[in-house]
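Should a chain be cited, it is by its letter among A, B, C and D, assigned in written order, with residues numbered from 1 in that chain.
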Amino acid sequence: MNKNRLEAFSDGVIAIIITIMVLELKVPHGQDLATLKPLLPVFLSYILSFVYLAIYWNNHHHMLHASHKVTGPILWANLHLLFWLSLIPFTTGWMGENHFSEWPTALYGVVLLMAAIAYFILQGRIIASQGKDSLLRRAVGKDWKGKLSPVLYLLAIFVAFGSHWASKAIYVLVALMWLVPDRRIERALARTEA
Amino acid sequence: MNKNRLEAFSDGVIAIIITIMVLELKVPHGQDLATLKPLLPVFLSYILSFVYLAIYWNNHHHMLHASHKVTGPILWANLHLLFWLSLIPFTTGWMGENHFSEWPTALYGVVLLMAAIAYFILQGRIIASQGKDSLLRRAVGKDWKGKLSPVLYLLAIFVAFGSHWASKAIYVLVALMWLVPDRRIERALARTEA
Amino acid sequence: MNKNRLEAFSDGVIAIIITIMVLELKVPHGQDLATLKPLLPVFLSYILSFVYLAIYWNNHHHMLHASHKVTGPILWANLHLLFWLSLIPFTTGWMGENHFSEWPTALYGVVLLMAAIAYFILQGRIIASQGKDSLLRRAVGKDWKGKLSPVLYLLAIFVAFGSHWASKAIYVLVALMWLVPDRRIERALARTEA
Amino acid sequence: MNKNRLEAFSDGVIAIIITIMVLELKVPHGQDLATLKPLLPVFLSYILSFVYLAIYWNNHHHMLHASHKVTGPILWANLHLLFWLSLIPFTTGWMGENHFSEWPTALYGVVLLMAAIAYFILQGRIIASQGKDSLLRRAVGKDWKGKLSPVLYLLAIFVAFGSHWASKAIYVLVALMWLVPDRRIERALARTEA
């Protein structure tokens, strides 16, 4: 199994997920600006999920860049990650349509949590395949972002039943935390090549 | 005709099929957890079909990895396989929506059966193109999984009219049987390179 | 402009068109075999269009394989072809839903006719870019299939208002005519390499 | 981060956007030519947006062809552009369905304006990454098209509230302006290689 095809397939699936989400923005039948108003929360949810999927695509690249061979466990861990990402359009749509309620907000977090765990498993499988001297292990280091995110998602899920706004604020916060570019892998690669 | 483009096109189609299926998970209009309940069978069907498509993508890769040239018959056998795979979102949606009934459960099996036959034909066309010394023929060996699956699908189709649960259990069983990694092709390749 | 990216983009668009068509096969709400009956003409239209798109993808490959550089006119001629192909899911759906009527059957032919003309223009642009000694010109030769198809589509469009069945028979006939593998380009390439 | 994967991902997203738009052309339930009549404005909007997306795809290629490395800011500027392009199916559908009204026509221009700005930012990020001697900077030159387009979109947005036809004429005009092939980058590349 060739790394390029794993990358290409993952790119394809993520590109489709990111684009299919826009279909939840149903074209309204009216023609005034007012008919767009109920779409606003759907639109904001779309932006948030777009950013999350962009972050996953970006980090996925960096991670695979630091890996060389694709084993069976890596392949299935990758498909497991794509499975959870593929549910994001659904949870985005549900949260967008019912923006003042707890359950959709909590479920949005559950899928993010499962995707984060899937990403963590995939990372572990790649590190395991690289043995003691794993480039990825050094690159990832203490991985505080990777460890903090699931905790924050879990918090957001519980907080949703108190205040769904607080919960949404946490989702935005985690996204911003990841938007800050993660240079660990690039740095480790640069060090190795030097 | 270049092998890479056949792989890329097949990857594209499978990536779209696997992602488009999620559109059958229609966003519910309510906001309670209870409104998700009718979606549960659709969701479970989605997981099953996701796994089947992932297995096909995976095996398709290994098979093409062991083939060198793309002839006209290989090309059309491949398109024939993609045709049956493209019907999986439909049968998944129908089974998910009518989870207690026989016909949708049986039809789900019919499409799996046709896809398995299409895969078998494609495999045969590649082996034929490789002549007597076919690497793929040696890799596939007795191919008990490839021969047993259609029999089990056929069984599941008939069993559906007695107990659709038994039928679904067979689908899960076949998926699990394939999930166990198939190292035949990798081994044959390794032997050749050694 | 690099040939690979033109090929990859065209592959992507054709892969999406071929898969999106299946969304016209709307999951029925009933659970008997009888609820599938109204879907039969949609399904048959889907098969026909799947075959047409597969033929286009296949011939498109062979044609680009025989071309070397991508000029501006080739690029836009290619996008023009993709435009008409992108309308096939619509005409397929309309013909499938109104299978006993003339207009949908005729419109199906109009889009096929426009796609055939667009293909012809693209072929002309590639030949023009290759100058007097064009490999593609020699490969295409008298191009009787390419010249006969638009005539048959035109016939089918007019015949539709007399008998939509005769019209559909012509569409099937043209597809079969193209399914017979077209070895002209392969042969011309082989001759050049020899 | 490798340039090829950025190109491939962008190609994938644009290919999906361009194809998904066709889903707004909902298959009508009637069978006369008259049932297509209400679809005509949707169809014309589809053509316009198809051309815009084709222009973006084309220019995006030329621009990336003139760039060598992909930095973090380039990556996010590219995702920002894809975000605005992904909204085109929505604004196309809304304008198509409400073709005699101002708001949909104006919003169509807003998304085009934002996409043009995003393209401008991406271009700036690439030029910045190339330093003083930027190939792209020389290629782009005075960039009068890139500077004129946002002004025209802005004009079209305001004009929409007076005459939505005038506004639509401006959109067509800008598209035609870009359709004239832009040889600046090709020329600059040719000069460099000479």
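One rule holds for everything that comes next: contacts are C-beta pairs under 8 Å (C-beta built on N, C-alpha and C of every residue); 3 or more make two chains touch, one makes a residue touch a chain.
Just so it is clear, the model here is predicted, and its values are computed rather than measured.
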Could you tell me which chain lies farthest from chain D when each chain's centre is the average position of its Cα atoms? B
Copies chain C and chain D touch via same or different residues, half shared test: different
In whole angstrom, how far does the Cα centroid of chain A sit from the Cα centroid of chain C? 38
Rounded to a whole Å, what is the gap between the Cα centroids of chain A and chain B? 27
Which parts of chain C, given as residue numbers and ranges, touch two or more other chains? 8, 12, 16, 20, 23
Chains touch in the following pairs A-B, A-D, B-C, C-D
Interface with chain D, chain C side, in the complex: residues 1-2, 5, 8-9, 12-13, 16-17, 20, 23-24, 72, 75-76, 79, 82-83, 86-87, 89-90, 93-94, 97-98, 101, 103-104, 107
Of all residues in chain D, those that touch chain C in their complex: 7-8, 11-12, 14-16, 18-20, 22-23, 25, 27-33, 36, 47, 50, 54, 57-58, 61-62, 65, 179, 181
